[in-house]
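The two complexes that follow have subunit A in common; it is paired with subunit B in the first and with subunit C in the second.
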Partner chain A sequence: MSLRIKRMLCAVLLLLAALTTTGCWNRIELNEVAITSATGVDWDGENWIVSYQVLIPAAISSVTGGSGGGGPKSPIIVYSTKGKTIRDAIMHSYSESPRKLFFAHNRVVVIGEKAMQRGVNELIDVYFRNSSTRETVSVLATPGTARRVLEQFMQLQAISGAGMKEIILSEMKNTSILPNIPVYQLAMEVIGDAKSAVVPEIFVSGTEDTSSLESFGSTSIPSKLKLGRLAVLKDDKMIGWMNRKESLGASYLRDSVQQSYVVVPCEDDKGKKGYNTIHVLKSSTKVIPKLQNGQLVFTADVDVTGTLMESNCAQDLYKPGVIQSLEQGGQKQVSNLLQEAWAKGQEMKADVFGAAEKTHRKYPKQWKEWSKNWDEVFKEAALEPKVKFRMARMGLSNKSFQYLMDKEGK
Partner chain B sequence: MPNDKNATSSGKTSSSSGQAKQAEQVLLPDLDMNIERLHRFLGGGEDIVCRTLQHRSFDNTRYALMYIDGIVDGGVISTMLLGLLDDANQYAEMREDTTLHRHLTERSIAIGKLSEIETVEQACYAMLEGCSILIVEGSLRAIAMDTTGGKTRAVEEPSSQTVIRGPKEGFTENLRTNTSLIRKIIKSPDLRFEYKMIGRQTRTNIAVVYLEGIAEAEVIKEVHRRLDAIDIDGVLESGYIEEFIQDRAFTPFPLLQNTERPDTASAALLEGQVVIMVSGTPFALVAPVTFVKFFQSSEDYYQRYDIATFLRIIRMTSFFISMLLPSLYIAITTFHQEMLPTSLLISLAAQREGIPFPALLEAFLMEITFEILREAGVRMPRIIGPAISIVGALVLGQAAVQAGIISAAMVIVVSFTAIASFVIPAVNMGIAARLIRFILMILAGTFGLFGIMSGLMILLAHLCGLRSFGKPYMMPFAPFVASNLKDVLVRVPWWAMRKRPVKIANDNNAIREGAGQKPSPDQEGA
Partner chain C sequence: MKPAISTMQTVALVQSTITPTIVLAVPSVMVSIAHHDAWISGIIAAVVGLVMALGIAMIGKANNGQLFVAWMESLFGKPIGLTIGLMLGIYYFNSFCVILRSFANFVSDIVLDATPLFMLTSIMVLVAAFTVMQGIEAVARSASMVLFLIMVVIPVSVFILYTDIDFKRLIPVFDTSPVRMAIASFPPIGWLSEVSILLLLTPYMKKPGSVLRAGLIGSLLSSSQLVLVILLGLTIFGQQLVPLMSYAFVNVMAIVEVGEFLERIEVFTVSVWFLTMYIKLSVFLFASVHCLFHSLRLHSERHTVIGLSLLAIATASGEWPRNMNSGLMATLVNMPVLLIMNIALPVLIAIGLLFTRGRRKQGGTQRS
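After this line comes the complex of A and B, so read on.
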């Protein structure tokens, strides 16, 4: 029994010793961390400039209706540090911030155009090497400096970093023009077979700044953060932009369309022109490579289901023919989008549509040959869009209002 | 009163008594001598009443009635004395073929329970039990009459284990009342009461209650063995017994259940458990028990099974909340901030601005404060109760937050923990969670979630190693007993509860109800 007690005591002592040796080494209190909501990365030609958008929790909770007062306070502060490498720059932050930067709640990383042109592989390495940073952070490109984007306030969302993420997610869900690209996806695309990637653009629209709380005194703010074009990367460096139309086409080809809109021109019996707006509810795309006479050809099988949202042509939607023409119109629109995007991709020699992976999988033997100069092969390959467009619903009224008005007129 | 028990335990009692020699003295024919010796044995005292009587009808034979005032029923004694006097004539007719002693025993005394006493010691212990002693001059034996009485509390609603629906009777301090409450519920000839007396000085009566054939014989034997081994000067509450007979001394978890409710005790008996009742306390012990028993309330069986199941899950959850919430809060806010949603993190961080203490210390301060408040609430005089609650709620809660000493989130965490700990029906299980909470808080403050997980693993290993009267504590999970799961997290409807808990009750007598009693539309009518 005494032996047992001795053993127990020994175990307890060892456990207590373990408690003291750790010294709570990675313990950090909530008021010792600087919660970063957005990071900006710029390149000034020699050094990396990393900007941080840091939250001021007390100010945020007073903005969002918590206790405390004493005039409006900025919910965020932005500051930058410079360094030879990205992490070096972050290291310098310790000498100017009373709190340790905390990146686990970072929502977006904004990359300035110069940094994009220099290459993103260093940034990706930082994200993958460190456990404190998350690979689910959305990557955004900006034509100016990233810092300027970080400095802007946003309407409705006190934390603009979180706001940017919300915008891109909502945009992707509702219109699907620009995809949300998390760091891990960027990394996968950069090292993929085509070595091409895309990053959505965020920019400050308007010439003035909304970096002062005073701008919230009026109903409209002087400048806004907006999503714009799609940056195209080749071998981790940015080579150009795709406009919004091309970008939507790219979204169809990348099969990243969740919901979108198609505006189809229409004409009634009297030759009066108008537009039908179709809400794309579902869309799926299969890009299939094919060999035709030794030439690589791609077929894009797109399956789109839509519902009519708005119609200002005089048409009777009880007639199957009208619906068919709607479907044909939609089909044509989508085919055009695909062709435009494909052509732009070929022009930039950037296969951002995942065609390389599909070819690699289908023709592994020939791939060895093609992979040597994929850009050239891709440039020559034609796209054959096969769009199946199905109208699921016509909305709550079957005859367009214009149609009813014309009838009254008779 | 169980005078026969006096005889069996007298050896042990007198051997340690200073008056050993005298105690063995038998009663003498000389009445005065006997009275004198009884007085001496009990050390005199005002409450010892001795009435010497002598009247003609009994041939002027002197006899004495002795009892201790206050613990006897005065009414019974008066009636008995009146009866004696009335009976005098009858004695005159029969005196040829009987002695006075025999006449009194066989005919005169109007009291149900009598016993014969031969020694001074027996006489004294009988008096201490509340008996009255009748000694007739010239007789070598005395008559002990059961006149137990005195003030006892009435049967009231249990104060610590209340229900909304269910019987409102509770045990009292009187053992006889308590046994009668059980007898009234279970009118079975198999119901067994076995009495013991523990405590050299207090000579506390203890009843071991079980249902013959339903309780496991091994367990009953073990209960007796453990109870017989106890040697203590006094037993004032069943807690004394509990610590002597539990399987393992060092554990925060209760290894015996206690109940104030006759219906709970009866349910335990019907499930093959053994109930140990102790005179002087309304809390009876139940053994063997499993961990899950402490989360069952008697009301579970009186209410519909669906709500009973829901409430059980709530109780289990509350147990974990009460044990873990402060430590999880500490771990997540000081080690794993990335686990929180951003907006929650921001609001927590905003509250922490300017708080001078680390989260661990903050949590400790608040927990200790709450424990002090709770203890004060139990101990303080009822009249000043409201004052303390105002001080507790306003000063310690609101003011501490406004002064920026404690964050509001911590107050929420601590209050929720406190409320959760009151949901557990068994107070002693709630106490276990309370103690473990502090250890887990230290672990969380030093190792984060990793520390909590290691703590919980050690706890689980400990729980699996526990036994209650040889029965695994974590049954039916470890060892897994599928049949017993019907009454653990889920309380199945009564018609589906066909078997008694396997491996706790006697497995040869496991069926408790007929099959196929599920209510359904009349088949013949269809």
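After this line comes the complex of A and C, so read on.
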């Protein structure tokens, strides 16, 4: 074989190799996949019902102000499938959807109350077993069905799945009442020493649904998707709810407060009552287990820094004692939040504050005994809040407007 | 044969030989045994790894530049030398098939789930065979480039994950019994014993005297990466969740979410890991070809590579009908083989060296 033919053969072989060694055995075009922005999971007593909020890319531009004739079209479509297992239900989607479901852009998974009560183990297994799903997806609980939540449109955000994720992240950052719980964190808490976890609630606030774009023809919409309480899980099953106050207390105890607000009652010299609103800029909590006379107790050392945002009490902030009373008020409010959350946790026998992990770390030998009956040990353990509240800033005014009004009146 | 590889390249070869398998499935196995003290088991394994590297380097230093099989034959006679060469050739070929299948399973699980296994193994073997045909120098150069990439990727990954890391998850330290910690250190010790590849590489080194340094640094680099993956897994997910993960180092990177612009960066980590995987495959194919070619006195190295590659594709694709079978083979069944071939055999060689020392000295004196 001449050198020239050899070279040509080599070139052809290399070209063939370039075609075959890409590793892409099959190809899926973008117009063959159904991009899922939110997933809902419900339980009807016998089967899992999985709902999908699927994007309609062509319709998104018409909603967000792009060109397109025939008026706005829904940017999302919601449909559900049923099955004995979650993956079985997803498999049935092939019977009714022209496109293959694509979960890589899924932002939230909403779980209906009945499904939460049945348990989240299966869902966690699905997320960790399959590479197409992501463990960073935020988990939300809803008192009704997850499908109804997925069907709602949202103001300012065309894709409500992405909007729900943005709401929870914004809530966590600005008020810290509810935490953002990704799937992996839910798994960590469910399988942790206390076997207790929390999931934020999302619900439809209002009587009618906002599932039609016609609702956006007026300045107010009949209903909204809203974050509410905190679902509490024990051994992967939901056992109850914590109200928003208890939930904020739990956030302090879990050391997950980024920014928040405290409303402190106040009273001026004449006995007139009002409120001061303090913006919590920074907070850190250390829950420390201690043994007192053989009894396990916990100390919550909370360090809060705040700034005054609003005051309707007549007060001169230059006066000695005013700031101290503000700080004492903040201290009392935060202490109450901690106590209420702790009591609720004890009532539900659900240690969602990470107390078990801390006890395990500090008392590894005793933990072996306590871990057998942690719920009872936790139920008996008292909490001693030690709150250090520091008013770092007073805003741009050093006297309240009410103070000036009263002074003018004199 | 002309010495071709530098000490740094040898370090890169050793670390690429050990790391891809040691960081793949081993961390979750270790955590399931030693819980949050698994990182201590990693350190125990690292120390044992250094001792093994020291031992292998000491044996390697006794070689005066001969190729391994020729050296064995000159030391112990032709039949014993040939047997050792054949045993090692078969061992390296067997290991090549096992790791080939493990890597194909991983690729299939993580990214290319629709690609037939046969296609994945064929492509991997094709790349490894092509690299081996370019000679050990080409493999060594590639290994040093991959090492550089690892040195960049690791600090960036740790920096990105910093906010998710909670060192308290490692407390209480020494909570697990010493027995469990020791048991957990066995799987990585098995993989770290692959430092014995130095016995084949030493004759190719420009400075064979620095084989000890290369072995120690290479082994330390690999065990450090193992400890790092365990630490990241434990401090981010905690001891209870890591055993659930088949490939903890991928899960660790998968949780990175910075706003909406930095997500799914595990793809980059996996890409760099792919590079180390190809180096490992090349090194093992090179080792099996090297041992069999010289033991059997074959005439064409190229044809040996082609023959073994085809056999490897068939074995890796057809030997284990289920992924779990090959997983069991890689984690449990292969362990005694690793320890026999990488520890017991070198120990026997060392004993042989001690016994023949007097004869060699005598020979050396007579020659001079």
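Definition applied: the second predicted complex is superposed on the first by the 386 of 410 C-alpha atoms of A that agree within 3 Å, B and C clash if a C-alpha of one lies under 4 Å from a C-alpha of the other, contacts with A are read in each partner's own complex, and residues count from 1 in each chain.
We adopt the following convention: contacts are C-beta pairs under 8 Å (C-beta built on N, C-alpha and C of every residue); 3 or more make two chains touch, one makes a residue touch a chain.
All of these numbers come straight from a predicted model, not from anything done at the bench.
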Exercise. Which of the two partners, first being subunit B and second being subunit C, lies in contact with A:A17: first, second, both, or neither?
Worked result: second
Exercise. Looking at the overlay, what does A:A187 touch: subunit B (first), subunit C (second), both, or neither?
Worked result: second
For this session: Name the contact category of A:R361: first (subunit B only), second (subunit C only), both, or neither.
Result: second
Problem set entry | First, second, both or neither for A:V33, with subunit B first and subunit C second | first
Exercise. Who does A:F102 touch here: subunit B (first), subunit C (second), both, or neither?
Worked result: first
For this session: In the overlay, answer first, second, both or neither for which of subunit B and subunit C A:L55 touches.
Result: first
Exercise. With the two structures laid over each other on chain A, which partner does A:F128 touch: subunit B (first), subunit C (second), both, or neither?
Worked result: second
Seminar exercise, completed: subunit B and subunit C footprints on subunit A meet at residues 24, 26, 104, 134
Exercise. In their shared complex, at which residues does subunit B touch subunit A?
Worked result: 333-335, 337-338, 342, 345-355, 358-359, 442, 445-448
Exercise. Which of the residues in subunit A end up touching subunit C in this complex?
Worked result: 17, 20-21, 23-26, 104, 128, 131, 134-136, 182, 184, 187-188, 191-192, 357, 360-362, 364
Problem set entry | Residues of subunit C that touch subunit A when the two form their complex | 107, 109-116, 119-120, 123, 126-127, 168, 171-172, 175, 237-238, 240-241, 244-245, 251, 254-255, 257, 263-264
For this session: State the interface residues of subunit A toward subunit B in the complex, per the touch definition above.
Result: 19, 22, 24, 26-31, 33, 35, 37, 55, 57-58, 60-61, 66, 102, 104-105, 107, 132, 134, 159, 162
